[in-house]
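Order of writing sets the chain letters: A, B, C and D. Residues in each chain are counted from 1.
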Amino acid sequence: MMKTMSISVLGIIVGVVLVAILPPFLDGIARKVKARIQYRVGPPILQTYYDLQKLFGLPSLRPTENKWFRVAPYLALASAFSAAFLLPYGKWVPVKFSGDIVVFFYVLAMVSVAIIIGAFSTQNAHSNIGGHREMMMVLSVEPILGVALGIFAFKAGTLSLSAIPLKVPASFSTVLAYLLLIYAAYAESGFVPFDIAEAETEIAGGVLVEYSGRLLGVLEYAILAKRLVLLWLLSTFLTIPILRGIALTGVVGGIVVLAVQLILVLVAYPLIAALEATNARYRIDQAVALNTRIFLLSLVVLAVAAVGW
Amino acid sequence: MGKAALKSVWVFHVDSGSCNGCDIEVLDMLTPYYDPERFGIKLVGTPRHADALLVTGPMTRQCRRGVQKVYEAMPPKPRIVVAVGSCASSGGIFYDGYPIYRSKDRFGRDRLRSGGVEEVLPVDMYIPGCPPSPEAILFGVAQLLGLKEKKMKGEYYTDKETEFKLPQYPIEERIRLSLRESLKKVIGYFDRDRVLEDFMEIAGEANRAENPKEKLHALVTGYFLQEKDSRLKFSMKFLENEYWRLKDDYENKYVALVETHVQ
Amino acid sequence: MEDVKISYTESLISWKRPDLRVGVPVTVKYPLVPTEKPPEYRGKPHIDPNVCIGCGACVRACPADALTAEWDLENGLKSIVSNPARCIRCGRCEEACPTGAMKLTLEFELATPNKEDLVEVVEHHLTKCKKCGDYTEFTERQVEKAFQILPKEIVDANALGEKMQLCRECRMEESVKILAAQGRIIGDPLLLPPQHAKGGEK
Amino acid sequence: MVTKECLAEFEDKFKGEIREKKFLTPTQILYLVDKKDLPDMAYYLQYHPEFDESYYVMGIGSDERQLAGKFAYAPVINMLDGSGKRENFYVILKARLDKDNPEFPSVAQKLPAALWAEREVRDLLGFKPLDHPDLRRLITPEDWPEGVYPLRKDHAYNASPAGELQDGYKKAPEDTSTVPIGPYHMALDEPAHFRLFVKGEEIVDVDYRGFYSHRGIEKIGEGRLTYNQIFYIAERICGICGFQHSSAYAMAVENIAGVEIPARAQYIRTILLEIERIHSHLLWAGVACHLVGFDTGFMYAWRIREEPVMWLAERLTGNRKTYGMNIVGGVRRDFLDYRKTEILDKMKQLKKDVEKLYNIAVSSDILIKRAKDVGVLPYKVAKDYGVVGPTARASGRNIDVRRDHKVFAYKDVDFDVPVYKDGDVLARLLVRLDEVLQSISIIEQAVDQMPEGDIFTPIGKLPPYQEALGYTEAHRGEVIHYVLTGTNNKVYRWKVRAPTYNNLAAVPEMLKGYRVADAPLIIASIDPCYACTERVQIVDVKTGKVKALNEAEFNDLSIKASEEL
């Protein structure tokens, strides 16, 4: 076990660049794919950039005196970035220390927590219901994510997020853990059918309802960044164990791994978009019931892992 | 607004007492055939996120406060207001109903020209129509985005400047008008003019012949054989009968009447 | 007449919606490329100033008061004003118009930031009463049209040629005179119903 | 005639009260009755043992002081025999009310379906329903002055007097929080205000406040327009079921004039009515998908609605909506041969598309999950509230004006009326999809059988002071118009009852016990059309007992704005 914290400047640069540029682009792809499934032309790929650029240029309304209302979006964005810094980019890991998996887990949850804080800082009923729903979602999904990561950590024998994929062995329980991780990442990202907290038709945008202008831009950005983080986590866990051989063999190997990670993300996003387009939204109780069932399943997987399969 | 604002406009839709027609057309604009998302236009669920407000309906007294509140809930910039439909543009057919809001009593020309959303909010774009088709709404939106120029300009004519010539027809004007009126019964107001045109052409030709009645019958029969549409055939036959009926009627009644009158 | 004349129905059948795409995506190119509406479409109403006689039949037919008549009796003007911003495109004016001046066009691109852009005005001069010199309620074109409609025999028989040139009061006086002379008048002549604006059309 | 035997019993029972009996048309019977037993009569007719599907249609209030020196109030009952053995008919129970003190015993104390109708006459005409379960003042706009009754003849049609803002709030039940839906909400295309009192996410109680779209249409029709112009405002009662309204109005006027319109015109009307039904049902299916976040279903439904249906309507009538085709005595445009071919082509294409939509909808697991056993409306409640249309048919009510009253060309074509017993949102979805397929088949038959002949019978002057009903089965249920003619080609009283008027009253019943997330779907499942409903009156109802609520502040919107960050 490593005791010291290591910081990679190159990793930070790569991480910042990716997290800063990629999320709107991916969203643009998703929108385009959805449009095509619906027989439409759809927006330009860069549309989400335009949207965000506009939002950042607009002033925000302040519907409440509560200062958390203003802080929450930045908190969410900061949390999303912090989580991103714990992930490996090719061979480079921006920040690495033992036990960072726990930090990652918490920081990721902080994004949701910040959104919930923002939602509850206003008097708006829709916002409050949205916050309530977000909370139920977080409470029911995070355990699954936790268990899945726990299984990986247990199998790999390390508590460092970037080290796990390098060490995780192939076994029956890890395969199941992968499935759990995919499910948890998908649900946690709030894709349809899990976009319950932001449901426009039910609660007029839910948690986002009172935000406008720059704050809305920041919040939207945070949500998109969080999706990227989760997806990057998934792609890391799929890529690095396979390319373990070349991952640490110098710059070229690192770049190859990074490219594969990136391609995986770029491929996964349209698939998710297609899945989103062909599904309806769950009702919150249905989603929670499903999550609970999966969680119970995940405990079984944990037991399997503990047995040593 | 910078360039980005023109590439991304989020709209919120408000109904100020409309009949639904325009609302549905606004929604219809979102569907695959028109897809305004190409231009970065997105319908949002809350006025907080909106750059533009699409208002439909004649602005009822009950809706007025709600619409005003929605407007105030929008971010202070750019606050574009688009009046969609004839009702929103100037009150439409409902303009003087008792529950329709008017900011002040209006008389004369004012009463006839104003109404709708402009009583409450400053309007940036009027899209009249009842309801305006999605293309018409798209055209208005494209103007906002700077993709299109407006086409309309006020038109003013006086009878002295324009050349007026009473159109001359091969048949008597009064019979033409009567035929035109009765053609409404057979083929409807929309198609009647073209059918009548065809008939008058034939009738004019027949009138030059020695025996107009027979000639007309022959010509109508010829038309009958050529034309594929059963309704046009039917109306042509009808016109032939009606034409002679009117002619004879006039001969019998009016000429007699005039004679008695003169005496 | 043209040499090759396609029939009315054929011209309707042959119309195809421009830029109708089949397959994915179906989105039309409009507004980036122009489009048009089918020939049956009811678009913005347009008054043909060369044909309009200012009779106001459309004004009476309009349910939404989008068409109005503005009178300027001092200067002897009657304007037919069309306000497409209130128009509901019912086509009643087209149906009522006796001369075919009123037509619903295929125009649908009406959006404008200034409502005044839409207004259409056709101004007509009123005839002057031959007797008292005041303006009558008929436009010059209306009188011309009335003579076209009326058979010559009837005009002559009723001396309409004279009567049409008079204003309402003078005309009524004349009628009263004639009727009184015939002993056919009952009650107060001023309570008689006003004349139909189109004169003696049967 | 079977009708007579059944009515004999009724006439016998209330012998003392019936003053006069008049057949407005062979299937519309008007009884001039004393007001005393009005509730009993209405109750007797609605729960008539042999006409088991009968229901309360509407209550017509009119200011007949210029005619008879009195006000008049007339509940209308649609007498329907579910077994189809007897001829169905409408009964109008007209009672004259004193001109200085227009009181009458409330029908609503016995029939909940009459709750809204009596509030309406109270607000707009100043009638006093005695023993009405709820007698608070609830007039048109919030700032409408006291004691001004717009539908009375001494009120000018365009007078809009200012008044003070009213507020009468009702407190939420204890331990609940309030979730406002509307007046501007994604799920509701139109303004309407629902307040859900919730515990957690469960709906405990509901309040509804509408009348945002109240435009005074009836009064404009009586005041400014002539009977030939009313078509165009009737069409704009609702942009979706406009043609249904104008056809119902046409039917009422034609009944008064006593003309049979040409068969060809009847067929053209039938075809257009069905085209309108298809477009409305597809629209609804799309919105339902949209509400559950299933956007591809939404886009699919609206795409097939746009291409064959809307563009077809554009070519047939000149506009995508508000067809402007009706006139008293017939229709205004003819269907030339190429238009008929076009209809058949498009219907063929549509049939395939709709079947595909059916598969998409039914194969979407989550959609089914969201719609099944949600918003259940039992048969009995549906009957009590006089629910109509697909909403009623999804609750097992076997009613359909097209079949029961044989309007227009429906008597000549074969079609089924789909009826489901479950009463949930899913059943309402299935009823509508089934109806689309039926409509396609009706259109195909009508085009094939369309006779030659005129399309319009001119009608000169209308006989003054005659009355009649006109009705069609709109997409949401029975549309019914009552016309009392006046002099000078005007209409003295024009009363419209849109289907949503009856259906909305039952919504609180459907909502209770379900979740907030279901609320928009349940509300939308009756396909509410506020524009139709609110053309003259306000509506505000709660389960069983009525309560009032003026929600002036919109929690979600009313917060002070603009402070730059």
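One rule holds for everything that comes next: contacts are C-beta pairs under 8 Å (C-beta built on N, C-alpha and C of every residue); 3 or more make two chains touch, one makes a residue touch a chain.
Owing to the predicted nature of the structure, the values given are computational and were not obtained by experimental measurement.
S.K.: Of the pairs C-D and A-D, which shows more C-beta pairs in contact?
M.R.: A-D
S.K.: State, to the nearest whole Å, the distance from the C-alpha centre of subunit C to the C-alpha centre of subunit D.
M.R.: 37
S.K.: Rounded to a whole Å, what is the gap between the Cα centroids of subunit A and subunit D?
M.R.: Computed value for the inter-centroid distance: 49 Å.
S.K.: Calculate how many whole Å lie between the centre of subunit B and the centre of subunit C, each centre taken as the average of the chain's C-alpha atoms.
M.R.: So the centroids are 15 Å from each other.
S.K.: Could you tell me the distance, in whole angstrom, between the mean C-alpha positions of subunit A and subunit B?
M.R.: 53
S.K.: Two-or-more-chain contact residues of subunit A, please, as numbers and ranges.
M.R.: 35, 38-42, 59-61, 63, 126, 200-201, 204, 209-210, 213
S.K.: For subunit C, write out the residues touching at least two other chains, lowest number first.
M.R.: In subunit C, the residues touching two or more other chains are 9, 25-27, 37, 40, 63-64, 88-89, 91, 95.
S.K.: Two or more other chains in contact with one residue: find those residues in subunit D.
M.R.: Correct list: 185-186, 232-233, 236, 299, 303, 307, 314, 318-319, 322, 332, 336-338, 556, 559-562, 564.
S.K.: Building nodes from the protein chains and edges from chain pairs that touch, which of line, ring, star, complete or other describes the result?
M.R.: Contact map by chain: complete.
S.K.: Touching subunit A in the complex: which residues of subunit D?
M.R.: For subunit D paired with subunit A, touching residues are 177-180, 185-187, 201, 289-297, 299-300, 303, 364, 366-367, 369-370, 515-520, 555-556, 559-565.
S.K.: Using the touch rule from the top, collect the residues of subunit A that touch subunit D in their complex.
M.R.: Counting only subunit A, the residues touching subunit D are 34, 37-40, 59-64, 70, 122-126, 129, 132, 192-193, 195-196, 199-204, 209-210, 213-215, 277-286.
S.K.: Show me the residue ranges of subunit B that touch subunit D in the complex, using the header's touch definition.
M.R.: 12-25, 27-28, 30-33, 45-47, 57-58, 60-63, 65-66, 69-70, 72-74, 76, 92-94, 96-102, 130-131, 133, 184-191, 228-232, 234
S.K.: Which residues, counting only subunit D, touch subunit C once they are in their complex?
M.R.: For subunit D paired with subunit C, touching residues are 225, 229-230, 232-233, 236, 303, 307, 311, 314-319, 322, 324, 332, 336-338.
S.K.: Looking at the complex, which residues from subunit C come into contact with subunit A?
M.R.: Where subunit C meets subunit A, its residues are 24-27.
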